[in-house]
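Heads up, the next two complexes both have subunit A, just with different partners, subunit B and then subunit C.
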Partner chain A sequence: MQPRRIGALVAVAALTASLAACGGGETTYASVVDKAKGAKKLVIGVKFDQPALGLKKQDGTVEGFDVDVAKYVAKELGVPENAITWKETISKNREPFIQQGQVDLVFATYSILPERKEKVTFGGPYIVAHQDIMVRGDDAAITKVEDLKDKRICQASGSNSYKRITDPPPNGKDIKSQLVPAGTYAECVERLKGKTLDAVTTDDLILAGFAGQGGGTFKILGTPFTDEKYGVGMKKDDKATCNAVNAAITKMYQDGTAQSLAKKWFGSAQGLQLPTAAPAFEGC
Partner chain B sequence: MSSSATAVLFDAPGPRARLRNNILTLVGVIIILGVAYFVWARFSEAGQFDSKLWTPFLDPGVWQGMILPGLVGTLSAAALSIVLALLCGAVFGLGRLSDHWWIRWPSGVVVEFFRAIPVLLMIFFAQAGAFELFGYTMPAFTAVVIGLTLYNGSVLAEVFKAGILAVPKGQSEAAYSLGLRKGGVLRLILLPQAVTAMMPAIVSQMVVALKDSALGYIISYEDLLNTGFRQLPNNFGNLVPAAIVISLVYIVLNLALTYLATALERRSRRSRKSTAKPVSLAAVTGGTSTGE
Partner chain C sequence: MDALLSNLPQVLDGFWSTIRLTVMSAICSLILGTVLATMRVAPTPVLRGAGTFYVNALRNTPLTLVLLFCSLGISNVLQLNFSDEPSMNGYWFAILGLSAYTSAFVCEAIRSGINTVPLGQAEAARAVGLTFLQSLRLIILPQAFRRVVGPLGSVLVALTKNTTVVIVAGYTEAAFVMNEMIYEGSGTVGIFLGFALGFVILTLPTGFFFTWLAKRLAVGQ
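On to the complex of A and B.
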């Protein structure tokens, strides 16, 4: 091959690469709130498999309390509903997705915990859930936490909720229950219905989603024994976004939207205490 | 002729043996029917056959909106990773048979390393690593394909190596005596025979790749198990029916994959005879065939 032809090929390759580099780059923003103002679009992480909180429907849309709160907050940040891209976040990948910038905000039953605060910044909480117990609707034998002694409770994979029952104080109640392993809470609920379990214990809002779906098959005892503060996850030290999110949540409670959303999604569940006022913020 | 040959192979059962065989068969059938009835009764008692739990599967919207997109996700990730894994397997398998230590050792290290890591971690670290090292947000599809390719490619490398070594030494010696070089011996003599020996193990590994694509859930990859077994039942409260339907889809997929691979191999072989013994996947992977 002639040197001139080689030179031409190299030039074409270099030109292509430089054009690709120029064309491919998206504008980078200092914070999510800047992106919302500038690009007028956001990628929001939610659960896709949690009834009444974040659930993907057969038409591809997502619905639930977390989703509606996310829509409200996004609107307050200047992003219309149709400009939101919904991305599934599961418990195992919320932090990596935030850190990698795959999602801008996460509304996914994301409890604010000290160890998580080291990796991400939390806005909110936008609601406080409480660990509670769900039993079959016709079960009168279990009315309080102590009644779980020698009863079969669900041990969902990746969840530590059962430890609040079985672990010794201060972390748990030291109640000797029989643990029955299951893959997901959906499986726990299925087993509860099939009478191979006596109770399922986790956040009351998660339980309410399943109870609402069961149409009276299940009841929540209404004996909460922990606080689970659901926050809005975002990149570490994005204080501008955190403050903007907190302002949006405050407004959501002041105008009654939060209360009506809670009633819409969890109102049908027996034994659930719905929020009336905005929870105390953690601070940015 | 055939009857006498059969008689040589084993003694035809006498009247008592035939009676015993019939009784054992009957007992076996009764046990199977009993287990089937027990399962059916328990499912029925738990209301698992209620029409409302099964009617969603008659809705085309459920298939179009949930099951089929997941199926496309599973098939696309599996198809690409199977092709790439076969290429990787061939390269590193032959690399492990190289006369040059500087090819043989690195090939061995790569194969042993990626064979030892669970697929789930490989998928997760493909995405996380790309971001940490290069600041690149890797799409879930790419990460799933990389994870599946590296693991299955490493296992297939051992399959290729074992398949080639399964061809009797006399074959290559005869080829060398005819003046063929190493490349020619490999291409014309060893590989055509080895493929026949390797086929069962390759098909098994293809099935593993297809099923392991479900591990993409760790980075929220939309596959059949994610859409059909996690999202769908939470819409309709029908976990067991969803599990049954999705299992049937997987069974059909794996049977189709096995049939396709076997048909392709049979077509390429036609009248070719092989002296190589079939390769056992358990022997290659140390008794396991999955990455998890």
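On to the complex of A and C.
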């Protein structure tokens, strides 16, 4: 028993030491803007599984509209592309990651919502998505939201887009659709292809990514019925960073980068309206 | 905690789904597991081989993969479905995946019980002229089951907790409700603890019950 106990003590001591090492060591900055200026590097949270927005490729690099916007904003803050550390943020862990400082900025299809504003500050929005409906390319039976009655729509885990259809007003449209649960939107799209469901409904930019991947297999109806303002998440009350991010987004739209990026990533999907000017900012 | 109370109907609904799923999968996997155990001790080499292959394949495959195969493979690609109603369809696919997986563990538990029955019992059964199935049904299995009540209880507890991944098979239960509540931003730690407590309420009595049952049914050797 004795050697084993000593071993356990050593292990505990090593753990404490490594935890302590995490706490200290690096200089702490008052804001992300200061960190970008001082350390010349940033940790940015993006999605790793969202085609055309934030997608990790086989070779380990990330690509997508969110990623390109993040690169542009980082450059404006004084951080070159190769000094960015990409970190996966999924819908559930965006707030905790920001609050704990695991990421400096989040560009991850992050809709600006009042309840989220209580926990984090948002720069932007840098683009406004709208909830829309995607169906199989040869499906003529569904042309508008109301047609979803009695149709099978996808209920993806960790998303509440389906509630905009099935919930009573003001939350939704009180349309009685049949819900088909699935783990992710990628699974929803697989099932749409296999005809075990009839429509996938969520933000049009997310749908555009899948539609682009599938060639002509799917079509987006082009009947937007909500506004989802994609913002840049950062620590609460980091006003300096928020203002700097907003300035970068304004510049990105003025020099035409934003429009060409939107065209590059979402241009191939039908039924999508691409932005021409910067969306109205929420204010920091 | 407020979020849990204000969403209480959904939370209870979620746990009710978990219970429905657990009970039905437990029944199916007990039946399938017994059949598999019979196959594994059968005198026919083909049956033994098939049983061994099934158990090793399913026991060493991640449950998520088994469930994903049910939903995307069987339902979506092969177009074999239980029902036109999506919620019913998902329910049965979740049961199919869970029992296919759990029965491998049930089979191994029962087989270990069969191995504890003294060889003389089987020889005596043969000597009085019972066939293989008769001796199994009348002599071996009743003794084997009594000895594996405890291990079967552990398998059932594991099954209860395994239900949390059935969303990939297209069925929503307690874990799905929890994910949705966390997504809607009504706190994290409180919700998490509440659901953890819910599972403890389900599994702890199960554990106690099976320990009690094992003691009660134990036979002196």
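Criterion: the second predicted complex is superposed on the first by the 260 of 284 C-alpha atoms of A that agree within 3 Å, B and C clash if a C-alpha of one lies under 4 Å from a C-alpha of the other, contacts with A are read in each partner's own complex, and residues count from 1 in each chain.
Just so we're on the same page, a contact is a pair of C-beta atoms (placed from the backbone, for glycine too) under 8 Å apart; a residue touches a chain by one contact, two chains touch by 3 or more.
Treat the numbers as computed from the prediction; the structure is a model and nothing was measured.
Q: After the superposition on A, what does A:Glu95 contact: first (subunit B), second (subunit C), both or neither?
A: After superposing on A, A:Glu95 lies in contact with subunit C but is clear of subunit B.
Q: Determine, under the contact definition given at the top, whether A:Gly214 touches first (subunit B), second (subunit C), both, or neither.
A: A:Gly214: touches subunit B, not subunit C.
Q: Examine A:Phe48 and indicate which partner it touches, taking first as subunit B and second as subunit C; both and neither are also allowed.
A: first
Q: Looking at A:Leu179, would you say it contacts subunit B, subunit C, both, or neither? Reply first, second, both or neither.
A: Touch status of A:Leu179: second partner only.
Q: Based on the superposed arrangement, let me know which partner A:Asp59 touches: subunit B (first), subunit C (second), both, or neither?
A: A:Asp59 sits against subunit B, while subunit C stays out of touch.
Q: Classify the contacts of A:Arg152 with the two partner chains as first (subunit B alone), second (subunit C alone), both, or neither.
A: In the superposed model, A:Arg152 contacts subunit C only, not subunit B.
Q: Looking at the overlay, what does A:Gly194 touch: subunit B (first), subunit C (second), both, or neither?
A: both
Q: State whether A:Gly137 touches subunit B only (first), subunit C only (second), both chains, or neither.
A: neither
Q: Touching A:Pro80, do we find subunit B (first), subunit C (second), both, or neither?
A: neither
Q: Under the contact rule defined above, give the subunit A residues that sit at the interface with subunit B and also at the interface with subunit C.
A: Touching subunit B and subunit C on subunit A: residues 92, 96, 187, 190, 193-195.
Q: Residue numbers of subunit B touching subunit A in their complex, please.
A: 42, 46-47, 59, 61-62, 64-66, 124, 127-128, 131, 137, 217-220, 222, 227, 230-235, 237, 239-240
Q: Mind pulling up the subunit A residues that touch subunit B in the complex?
A: 48-51, 55-60, 87-90, 92-93, 96-97, 99-102, 184, 186-187, 189-190, 193-195, 213-214
Q: Can you list the residues on subunit A that touch subunit C in the complex?
A: Spelled out, the residues of subunit A in touch with subunit C are 91-92, 95-96, 113, 115-116, 119, 152, 155, 157-160, 178-183, 187, 190-191, 193-197.
Q: So in the complex, the part of subunit C that touches subunit A is made up of which residues?
A: Per the touch definition, subunit C meets subunit A at residues 71-72, 75-77, 79, 81, 85-87, 90, 167-168, 170-172, 176, 179-180, 182-186, 188.
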